[in-house]
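Below, chain A partners chain B and then partners chain C, in two separate complexes.
After this line comes the complex of A and B, so read on.
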């Protein structure tokens, strides 16, 4: 396949080594970190208004975290080799240490917090269900059916501690992704100490937006009324986080323009040509400025409930597109120009290939399938839980 | 102790992690080669295994011990710094048994352009041509002698 090249590229720069799957990886981990931080608002920072999204946010984080390493494994081609990270840890490599960051976050934070929060429901459901479901729930109880008030209080305290540990862990998980790019000193598009912070705040933006959208979607599917107090509060936090994220990105941009180092003319040309649509139009105008204005309008204007709902849906979708575009522009944009600053290459994405569009679409849809299974297994809705609880109490009474 | 009774499920959870950790350590004991880390972040025995690989390249000194006539020509041209096997490929077997193992005849229409096809990334003073325009697919040896490629006799000057 002939790759169109403009100007001069070194031979090893013509073909992009990091594909759309590497775009997907920070996008997915960002959703994990953002969703978890939203969950922590209720648990640690006592923002009670967002409680309806708490469990959904945790399950969303878990579903996306399970899929997050798959793009990397598909990209590398030998998934069985990823286990080597644990067997022979390479402490001087940030990429190699990812395995431990991932494992810590998955097992020590997310799984433990979900288990502690759902333990009461798991015990109840292990007594109310039959067949294979009963077996699954019984396995999840780890053989303990103690749901006394005191044991649940202990769960609450330990869960709080896990969330407190989880917040810096979430920062570490996504800050690390930004660090990987920010520490590539040979690439002026990436090399910036601001990169981990920008990645972190964009992760929070995308995570909050996806939980907002999922909550509204699930309310509609379940034909339940949307808790407007909740979505208004989530939107408010989305707005604040977005402002910080946008300010950081603009700070980075202004700093680059003012500093105007030897790479500036080349990168500036790239932004005005090859990246114009994906960066200026999609990322900045449609994916950042427009959603900020839309959500900002809900903060300053007294809009009707229906209008606010539509604005949140539109702004949420635009935010997701904008954050994906940001990942795209970082990963793909950073490989389009030559280190000689004299030429530009083109990214040709395959379709049904190992790192093609179809694979990326499957990996994007997969977390939603996992989330659907998780929601079926561990319903985040209080109504259903209370119904089950009364059944369990009745069952205990009959015993 | 009521606290232990009510926190029993946490001890069970801790046990699951403990069992997982122990299983991992046992598995690690089996999977990580004993020589790993002997010299660096790799399997130490890999160095010994690499040393036992059969030698493919004879080295230009071995070639020159028999092909003194070629050395004579080559030492006067610009290719004097290019090792024999850079073009002819690994020929240790030929050096061991020159009679029965003969090197393949090289196609200069392909071989020479591996180095001399024009590319902006190459230094300006390095001889390079656009193959399609320069020779039209004809073997380079039609005009150039590969061991000393300057066309002195035909064109009366360097290339």
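After this line comes the complex of A and C, so read on.
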């Protein structure tokens, strides 16, 4: 396949090394970190208004975290050797730490927090369900069926501690993803100490937006009224985080324009040509400025409930598109220009190939399928839990 | 022997690492070659390069480099009289078959052979997640083909565009400075085949190597010195426009 090139590229640079799957990787981990930080608002910072989204945010984080390493695995030339990163990690490599940061976050933070939070429900379910479900719930109890008031209090305290540890862990997870790109000194599009911070705040933006959208969608599916106090508060946090994220990105941009080093002309040309649609139009205008204006309108104007709902849905969807475009522009954009600053190449995405569009779509849909299973298995709805408790109490009474 | 579960859990990872070490085996050795006695680099005299592409062809044959990828290549620069920041560069098929006549009548034209800079502080080895790519004790940046994951992080990290991923092996490939040859006392394929002697293999630890006299008496430069990679690919006659 002939790849169109403009100007001069070093001969080995013509073909892009990192594909759309590597775009997905920071996108998915960003959603994990953002959703977890939203959950911590309720647990650690006592923002009670967002409580209806707490469990949903945790399950969303888990669903996306399970899928996050898959694009990397599919991208590797030798995925069967990826375990070497655990056995013989190269300590100077940012990427080598991924396995450890990932495992830490998955096993020491997220799974533990979800298990502790759901332990009461799991024990109750293991007593009041039958068949294979009973087996699943019994396995999930890990042999501990003590749901006395004292043990639940311990769960609560330990869960709080895990969340406190989880906040810096979430920062580490996504800040480190930004560092993978920000530390490549060969590439001026990536090399920036701001990169981890920008990645972190954009992660929070995307994580909050996805939980907001999922909460509203699930309320609609369950024909339950949306807790407007909750979504208003979540939207408020989305707005503030977005402002910080946008400011950081603009700071980076202004700094580059003002400094105008040797790479500037090349990067500037790229932004005005090959990245114009994905960066200027989709990322900045549609995916950042417009949602900030929309949510900003809900903060300063007295809008009706229905109008606010629609604004949140539109702004949330635009935010997701904008953050995906940001990941695209970083990963793909960073490979479109030559390190000689004398030429530009083109990204040709396959369709039904290992790193093609179809694979990317499947990997994007997969977390939602996993989330659906998780929601069925561990319902995040409070009324369901209270109903279960009463069933369990009745069952105990019958015993 | 009685062993508790805890002792077994401690012992198992240690045993796994030991087993990995056994499986890795011992590296191929060359008789009479002592790695610690050498520190390899290369000298490229731009004033001597005629852009014939012999070095590229020799490298491709010697190292079975797949078509469309390059362990070494030659670039042709055209710099007009006043516009040093905007050189016109071409390298048709890596300069493998030479170059067509230049279409420019003004300014200057010259050829720049490129290859791995075998940096002592190489960004590519720094980022490799498993240490599959490394700087050997004699200063050559190599890739362990049985260990490379094919993650391509090293390709991204190389500032000089010298790495690629072999489409068949799915592992990172690059110039090995013909390690299989230099450890047997031979020179590299590209140096061997250069008709003008524009490329000279240099042993920086050998006091009798002519490189020392050359470095003392000529103004030499490395590519992208601001990146502080401690490149060992020295250029004589390098124009400021070269990237």
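Just so we're on the same page, the second predicted complex is superposed on the first by the 397 of 399 C-alpha atoms of A that agree within 3 Å, B and C clash if a C-alpha of one lies under 4 Å from a C-alpha of the other, contacts with A are read in each partner's own complex, and residues count from 1 in each chain.
As a convention for this text, a contact is a pair of C-beta atoms (placed from the backbone, for glycine too) under 8 Å apart; a residue touches a chain by one contact, two chains touch by 3 or more.
Please read all numbers here as calculations on a predicted model, not as lab measurements.
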> So if we stack both complexes on chain A, do chain B and chain C clash, or do they fit?
Replying inline: clash
>> Of the two partners chain B and chain C, which one touches more residues belonging to chain A?
In response: C
>> Contacts for A:247 in the overlay, against chain B (first) and chain C (second): which applies, first, second, both or neither?
In response: neither
> Given the touch rule stated above, what does A:353 touch, chain B (first), chain C (second), both, or neither?
Replying inline: neither
> Between chain B (first) and chain C (second), which does A:307 come into contact with in this model arrangement: first, second, both, or neither?
Replying inline: neither
> Regarding the shared-chain residue A:142, is it in contact with chain B (first), chain C (second), both, or neither?
Replying inline: first
>> If we overlay the two complexes on their shared chain A, which of chain B and chain C does A:10 touch? Say first, second, both or neither.
In response: both
>> Is A:81 touching anything from chain B or chain C once the two structures are fitted on A? First, second, both or neither.
In response: second
>> Applying the document's definition of touch, where does A:273 land relative to chain B and chain C: first, second, both, or neither?
In response: neither
> Should A:90 be classified as contacting the first partner (chain B), the second (chain C), both, or neither?
Replying inline: both
>> Once the two complexes are overlaid on A, one stretch of chain B runs into chain C. Is it 1-9, 55-63 or 109-117?
In response: 109-117
> Do any residues of chain A touch both chain B and chain C, and if so, which are they?
Replying inline: 8, 10-11, 87-88, 90
> Given the complex with chain A, which residues does chain C contribute to the contact?
Replying inline: 16-17, 20, 68-70, 73, 75, 87-91, 93-94, 114, 123, 126-131, 147-153, 155-165, 169-171, 227, 243
> Which residues of chain A touch chain B in the complex?
Replying inline: 8, 10-11, 86-88, 90, 107, 112, 115, 119, 141-144, 146, 148, 150-151, 154, 158
>> Considering only the defined contacts, which chain A positions touch chain C in the complex?
In response: 8-13, 15, 17-18, 72, 75-79, 81-82, 84-85, 87-90, 92-96, 98, 180, 183-187, 335, 338-342
> What residues of chain B sit close enough to touch chain A in their complex?
Replying inline: 2, 5-10, 12-13, 16-17, 24, 28, 31-32, 36-37, 41, 119-121
